[in-house]
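There are two complexes below, and they share subunit A, which is joined by subunit B in the first and by subunit C in the second.
After this line comes the complex of A and B, so read on.
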């Protein structure tokens, strides 16, 4: 049983990314949306929390915030809204960390 | 009788699109500029993200208000403080931010940098010297 974990808050303002990334089990996936995308920036301190996680990030939310894809931590998938739907379909459950 | 000029400081601590704070702050700053006060603006914590260059909101259906920061100099808002520790924690440098300038009419409209990179301690000193603080 796999779970898709959604994080939409900045890791520098809330502990959502910390909680989500540490509770995730093997086979689970993490999707960063809205202000959550700041956690995907390689040079930022928060990116260390992503280690060992399967991570996707919303491209339109990156672009809005002026983050180019070359700034992301290694191994992160950049997706669009269709990719979001695919992730929801693919996993058994969705957990939104609000 | 004209009232005394006060030192107004607007403190921005939120990222630009996840909440409405950043945009609202910008509106209030511009309204405040019309009252001819001594205005400063500070960006710290997630607020530093507001000044990131290259913002393109076409994919999220929201207005990109980031070009407005470049107009602050025309409203005589020339003191923009950016906190160093907040940039570092987020893996950002001044190069990742817009280059904001103002024109000094006392020096033949010479273009000068508006952004002042300060440490948290220095920003604390700046805050201590203000008359009125607005938080967003």
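After this line comes the complex of A and C, so read on.
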């Protein structure tokens, strides 16, 4: 039983990323969308929270915010909407942290 | 895979109405079935046909209507949320004595039970919101 956690808020405006990453269990995955993509920036305050988590980030949302992929923390998968659908297929449940 | 999608945010607010649309489109293109899209809270504003965005902007409401027509989607607006925000179909206009309707093509107004049933009948419930 695995869960996909969706975070759409910047770590600078809400604690959702911190809460989600602390509550995730082995096998769970995290997907950062919308302003949530700020959490994937290597130099940002949130990258330490992602250690040990399987993390993907929406490429179109990164591009819309002018964040290039070389600015991301190590080991993060950049995906598109097809990849989003595949993550929803792969995990049994989807939890949006709104 | 059978999906129900919940949209809690209005159009042109932040990004959730766009994320939900692109997710739905990608899922349909991959051959998945969308059992229902349920619009809740400010999300019901996705269903007013009186929206007139500037010509060089996307028309979020018309985009939903077109997707529904192409794929025969069931798009439901929560009745209590719609009443509060003035989204009206023929039935609601008659029931509440309103002189006009504004629901967009492809949408219908119904109760919260439709969200629960969508969750029960689908393999995944994916929520987009603020």
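Rule of thumb we're sticking to: the second predicted complex is superposed on the first by the 98 of 98 C-alpha atoms of A that agree within 3 Å, B and C clash if a C-alpha of one lies under 4 Å from a C-alpha of the other, contacts with A are read in each partner's own complex, and residues count from 1 in each chain.
Here is the rule we use: a residue touches a chain if its C-beta (ideal position, glycine included) is under 8 Å from a C-beta of that chain, and two chains touch if they have at least 3 such contacts.
Note that the coordinates shown come from a computational prediction; the quantities given were computed from them, not determined experimentally.
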Go through the superposed model and pick first if A:68 touches only subunit B, second if only subunit C, both, or neither.
first
Hey, is it subunit B or subunit C that touches more of subunit A?
B
Touched partner set for A:96, first subunit B, second subunit C, both or neither:
second
Would you sort A:38 into first (subunit B), second (subunit C), both or neither based on which partner it touches?
first
Looking at the overlay, what does A:82 touch: subunit B (first), subunit C (second), both, or neither?
second
Figure out whether A:10 sits in contact with subunit B (first) or subunit C (second), or with both, or with neither.
first
If you lay the two complexes on top of each other, which residues of subunit A touch subunit B in one and subunit C in the other?
8, 34-35, 60-61, 80
Which part of subunit B faces subunit A closely enough to touch in the complex?
14-18, 45-46, 49, 52-60, 62, 64, 66, 89-92, 96
Looking at the complex, which residues from subunit A come into contact with subunit C?
6, 8, 33-35, 60-61, 80-82, 84-85, 88-89, 93-94, 96, 98
In their shared complex, subunit A is touched by residues of subunit C numbered 1, 3, 8, 14-16, 19, 22-23, 25-27, 29-30, 32, 124-130
Parts of subunit A lying in touch with subunit B, wherever the complex brings them together:
8-10, 12-13, 34-35, 38, 41-45, 47, 59-61, 63-68, 71, 80
